[in-house]
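I've put the structures underneath this note.
The two complexes that follow have subunit A in common; it is paired with subunit B in the first and with subunit C in the second.
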Partner chain A sequence: MATRTEAKRRQGSRLYAAVFVLPALVILGAFVLYPALKTIYDSFFGRFGEEFVGLDNYRQMFEFDRMRKAIFNSFLWTAIFPVLVTTVGLVLAVLADKIKWKTAFKLVLFLPIAIAVMSSGIIWRLVYDASPDLGLLNAAINVPASIVSPEGDYAGAVASLDTVIIGDDGSLSQPVEVGPEGAVSNIGLLRVPVEDISQSSVQAVILAPKQGTITGVVWRDTRPGADEKGVVEPEEVGLPGITVKLVSADGSPVGSATTGNDGSYEFEDVAPGTYQLEVNASVLQEAWGGVTWLGPSLVTPAAIIVGLWIWAGFALVVIGAGLASLDRAVLEAARVDGATEWQVFRRVTLPLLGPVLGVVFVTLTINALKMFDLIVGIAPGSVQDDANVIALEMWRTAFTGLGDRGLGSAIAVFLFVLILPIMALNLRRFRIEEGRR
Partner chain B sequence: MKRLKFFAIFLALAMVAAACGSDSDDTTTTTGSAPPAATTTTTGTTPPTPTIPDAEPGEIVVMAKWGASGGEGAAFLQVLDAFTAASGIDVNFVGVGDQLPTILSTQVAGGQPPDVAVLPQSGLLNDLVSLGALFPIETAAGDEMDAHFSPAWRELGSVDGTLYGVFFKVANKSTVWYDVNAFSDNAITPPATWADWVSVSGDLLDAGVTPVAVGGADGWTLSDWFENIYLRTAGPETYDQLSRHEIPWTDQSVRDAFETMGEIIGNDDFVARGLSGALQVGFGDSVKLVFGDSPEAAIVYEADFVEGVILNETSAQPGTDFDFFAFPSIGGSDPGYTLTGGDVAVVLKDNPEAMALVEYLATPEAAEIWAALGGFSSANKDVDSSIYATDLGRRAVEGMVNATAVRYDMGDIMPSAFGSTGGSGFWGGLQDWLENPSDLDNVLATMEAEAAAAFE
Partner chain C sequence: MTATTARAESASGGSGGGGRVQGWLRKRVVQIVLAVIALFWLVPGIGLFVTSLRPVESFGDNGWWSAFTHPAEFTLQNYSEFLGDAQLLRSVWNTVLIAVPATIFPVFLAAMAGYALAWIPFRGRDTLFLIVVAMLVVPLQMALIPAFQIFNFLSLTGIPAVWVFHTAFGLPFAVFLMRNYYAGLPDSLMEAARIDGASEWTIFSKIVLPLGWPALASLAIFQFTWTWNDLLVALVFAGNSRPFTVEIQNRLGEFSSGIGIIAPGVFIGAILPVAIFFAFQRYFEAGLLGGSVK
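Then we have the complex of A and B:
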């Protein structure tokens, strides 16, 4: 009698349970289970889902360069990203534990999670901009770079005649033959924009040789309209402030002079002979051009750094919580037993943090494998192939242009299969945790 | 029993994990990728994939790429409003952005297409015809087409002789935009031949002005360069052969065109920020590199919609600060050759209301509504040219109406998988070439392989 009412009650409560679970099951079924099964089904069909192709899509997948690069990049992400972020998170958590403002610290570092990953990608694309005028990172590096190799007054200028020799360091030199009547040696420069011409600059002079001197002009050898290179013409201005050096045939310096407003310089008391006239490379030195962070070779590491920026806060907060929940008594006992801080950390803290680290690590690994929006946000179109990852490749194959649904589905199934072992690991962990309780 | 339960839970959790997106949602966003065939690029986000509502009786649904909130969408709505006033048929307009090919093909596959769609690429028209998704419009719009458009435009909207589309909005893609002040300061006149352009570039460089800005991050800008050059070096007939893949990409004519192209945009000194820097610059930025506040170059080439970008995003004034010259002839080619692109209206549901709209779009009246608002060109011969808002716009249209040979943007004719997909095929190949112009053989071989696959 008792068992029958009990059985009825159990059945009743099972019914209630079913009613409550049903909506969630329906949604899961329609939006998760059905699409997943349909994708697996589609992967055996052709481009528009009509002809049956069997395992062709799976075979073809690995033959495309783009997919191979995507697999390689995803491998890089999976190998580097979780380890990097977990380690950084752990270090930060341990450090944060010791400071006063730990909550504020954790809050600030956790903030990037609140931004959509795609937006983070776009923000960082601006930070990584190659031009030191626009990209924050290159602007920062430019501060010391411009001190080490400062921009010359006539940056980027080149000589107008081939007879000028360009040294290995970028300096210009021109041979001068000095006879009894002296010599005139001019050096013309091209690619001097109007902005670089100094206010004091005036029309370049045409000089005549003077006995015992080497004289000449360094001038801007270009003018609108008819223009002959190597000849000083009206409307061509001198370039002041350039240091020219006179070097004798054996390489020993004879003197140096600075050009005036009309570009002219003069060396007096020069004995006849062969000399070299030199213009130092520093006046032609171009501003540092900036590193192309989002170029083909650096884009994946650059994106991983952005991933670190986004998720380090997450790792910090979760590991920090784990740290906080550690039994202090155990740590104290270790210290009392004579262990150093490092030994305490390595032998006691770390093993106790094991499960927490595991959770963080697994979450980050799954994030690495399904990385998509960050790559879309940060990689300019020209390097999309170099930054490609499996999830992005799936989207590009299935949805750009008219798309290849079959191949795209096959890639999706491939990604699913890659994630399975990690999920199995996670579930095993849950079961162990359950067992412990 | 327990194992089965475990497996079920495991499967469910695995699928949830794999299916769960991260913080961001289902917003489809393009950051400066696919080009407008004939319109200004809209930077930034596109709205989430819209649901096409069921049309009420007497109401039709029209899909186009112009966002309903943007300037182009607003202009198109005015055209549609005039149609409603004239015919009494209500129109439900959905602007879906650059992802139109994807969204439309999904809807066609799902059996729920809009009544009328305005396609940004004629290659998409061919694809949809082969899927059986389009209905011929001969009875509705054939007479209007014959009356107002040259045969070239009818042909572009047809497949195998059957008319499927009306080209409503077109673009002159042979306009080269330059900084008026940079030219006059250096006593340079707009070049009429390619050889002149190369020498002008040299003169500008000597004067310390980088000649050309190229938006290499967006492969389609490079494809437009190539198409203009190929049309002039190989001629219209060969151009057609290449666009139908009747000759391979490894053909000598293609190689010659690339080498000609390299004389200007393959020269690291001639291109703003160098070739590798140019690969990081998008189309919009390349226009600002010439006409913005801190210019880095004097010339930028792209279609007539550049005017819209300059007016909206810089403070440069037409005539005084910016102007255009027609893409120069090469090696004595006919100076009247013009490259064009366009948006074509097609019918996806066979009902009289949809046909009426397409017929309306072929009339000069429909074109004149948008022409008066600016940023629009029509191939309709009978549009009153004085209605165009700017002088420059008028000149660009005249270039198209008076062209001796008109060719459609090749990238838009070819199957979109090759011709208009970012990062691969036509666009990707050109980007690879820009990165390393001396690697031409490899680039052409790869492009030929991808074309062969796409054209099957």
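Then we have the complex of A and C:
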């Protein structure tokens, strides 16, 4: 009697098992397993899946520039991103363990993971803007940069005549021959924006030579309409406040003067001979232009930093949980034995955290290989090719433009092959853990 | 007593009073460093928020931080433009239409499958679960093209296609998480119920489902955040029923002319997941840990 109910029960259980498992199984089979196998199959066929092409897609994959760049970038991501994020996560977890507001800190670092990865990319475009006026990062760098080499009063101006020699450092110099009746030496500047000219500035003067002096004007050598270069004309204003230096033929300084509102300067008691008139480079020094972070060469490292911003919280939380589950008594014992904090960390904490660090590292490696949304969000259209990664190229190949089903499938299979070792690792770990049960 | 003091001192990195001061100092430095890092982490988001409140005309002139010196410049113009854009509003609604069922389906299916895999013995069970574990890391790129064809064949397009695909690729993790959680429930509970003659369905609905609540919550929050924020799946399958991520991606081309409507879009799209994240932070964390560390 008992065995019969048992048998019935077993049969019932089997039926129940089917009812419970089948819906999930059918969906997994129809939309994961079958498509995955079909993708492998498709990868040996042409663009529209008709003719068999053998390994052509796999060959072609390594031959077109966009994909090669994508492979290179994915390699860069995989090499840098998991190590970087795991290390930062570990350091932060250890540090955060020492503070009282640990939970709040974790929450803040974890926050980016709640928002769309593409949105994070867009958020960081604001940080990375190439202009120091618009991009936060460049603006921050600009603070020390503008102290080291501040923008000149007439930034970006150039000399109007080729009698002016431009030094290696960007300074201007002009040879002056002083005869018995003195000399006039003018320096005209172009590309001086009106807003750079001081309010007090007036029409540049035309000076006659005066015995024993070198005199001249530094002026804005442009005016609307007919304009002759090198000649002081009406409507052309003097440029005040420029320090002009006089240097003798042997290179020794003779003196310096500052231009007035009409642009004029004057050196008195100058003996006849050859001199050099100089204007310091700092006057013409342009403001620092900023780094094009999202340009072709820097976009991938810049994106990896955004990746750190997004996933550091994940590493922090998981490693932090691992840290919390450590046996504090073991750590205490090491300390009592006289180990320094560093020794405790290096010899006890780190080995005990090994498995957790491994899990974090593996998860981040998969993330690095599957990176897609972040690149879409952060890379401006024109540098999308330079920021390209395998997962993005798969989508571009298969679903944009004409769409190449065969090649797209081959790229997907390639991505899968890169992830295979991780799958093997997962299965092994799982088997070991199940064995322990 | 003396032993405790000695231990406390050696823990703070030295011996004697000097060590204590040093330890205190070190703690202060750690506090400051972490506070600065936390600030760094917040700044980009604050930048976006402030940008979304500035007039588009000012975007080309100066950075968002200059808004603090000209507070009069703050405006809701971008938001009203967003709200006046039917397509954008529709896209947020589409995101809701996608994310809710795409969360409920896999969570429910995984709760059932997880129970069977943990507690109903049947032949091939372990192999089946092993296959699920293997599927955990299959990149969804492996299924995009054939799934696209299957959906076309079934005339299943737009949002329902997105549901099915999200369900399929959410299932391995969901089943994995639920099965492991259920497996941790005490043996005695199931046996007692079975001896009492409870059917599997009764055990599932009356005992396992309520007990598995924390895991279900974690899973649901995880899956919801994932489907809400997804770009790739929607890009391929959603067709004209674009969710907000795809809509914004579409408009990124106009980015160079200013991110006028994109900034509020990104912000609005982030409100719900961030709110959920704050409200259910514990579950969120638990789901994360359940997926990686057991």
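The criterion applied here is as follows: the second predicted complex is superposed on the first by the 430 of 437 C-alpha atoms of A that agree within 3 Å, B and C clash if a C-alpha of one lies under 4 Å from a C-alpha of the other, contacts with A are read in each partner's own complex, and residues count from 1 in each chain.
Note that in this section a residue touches a chain if its C-beta (ideal position, glycine included) is under 8 Å from a C-beta of that chain, and two chains touch if they have at least 3 such contacts.
Just so it is clear, the structure is predicted and the values come from calculations on it, not from any experiment.
Contacts of A:M423 after superposition on the shared chain: both subunit B and subunit C are touched. Contact with neither subunit B nor subunit C is seen for A:V202 once the two complexes are overlaid on the shared chain. After overlaying the two complexes on the shared chain, residue contacts for A:A139 are found with subunit C alone; subunit B is out of touch.
Between subunit B and subunit C, more residues of subunit A are touched by C. In the superposition on chain A, A:N367 makes contact with subunit B only, not with subunit C.
Looking at the shared chain after the overlay, A:I122 reaches both subunit B and subunit C. When the shared chain is aligned, subunit C comes close enough to touch A:V413, but subunit B does not. Of the two partner chains placed by superposition, subunit B and subunit C are both touched by A:V32. Judged by the touch definition given at the top, the superposed model places A:D385 against subunit B, while subunit C stays out of reach. Of the two partner chains placed by superposition, A:V231 touches none, neither subunit B nor subunit C.
Shared contact residues of subunit A, touching subunit B in one structure and subunit C in the other: 28, 31-33, 35-36, 114-119, 122, 125, 129, 133, 366, 370, 373, 376-377, 380-381, 399, 415-416, 419, 423, 426-427. On the subunit A side of its complex with subunit C, the touching residues are 9, 12-14, 16-21, 23-25, 27-28, 30-36, 38-39, 42, 92, 95-96, 98-99, 104-105, 107-112, 114-119, 122-127, 129, 133-136, 139, 309, 314, 317-318, 321-322, 332, 335-336, 338, 340-341, 355-356, 359-360, 363, 366, 369-370, 372-373, 376-377, 380-381, 391, 394-395, 398-399, 405, 408-409, 411-413, 415-416, 419, 422-423, 426-427, 430, 433-434, 437. For subunit A in complex with subunit B, the residues that touch the partner chain are 28, 31-33, 35-36, 48-49, 66, 113-119, 122, 125, 129-131, 133, 156-157, 160, 190-196, 221-222, 224-225, 227, 289, 292, 294-296, 366-367, 370, 373, 376-377, 380-385, 396, 399-404, 415-416, 419-420, 423-424, 426-427. The touching residues of subunit C, counted against subunit A in their complex, run 7, 10-11, 13, 27, 30-31, 33-34, 37-38, 41-45, 47-48, 51, 59-65, 109-110, 112-113, 115-117, 120-122, 125-126, 128, 130, 132-139, 141-147, 150, 164-165, 167-169, 171-172, 175, 183, 194, 199-201, 204, 225, 228-232, 235-236, 245, 248-249, 252-253, 255-256, 259, 262, 266, 269-270, 273-274, 276-278, 281, 284-285, 288-289, 292-294. Listing the residues of subunit B that touch subunit A in their complex gives 6, 9-10, 12-19, 22-25, 27, 29, 31-33, 101-102, 105, 109, 124, 127, 131, 185-188, 203, 205-209, 216-219, 273-274, 276-277, 279-280, 282, 294, 415-417, 420-424, 428, 431, 435.
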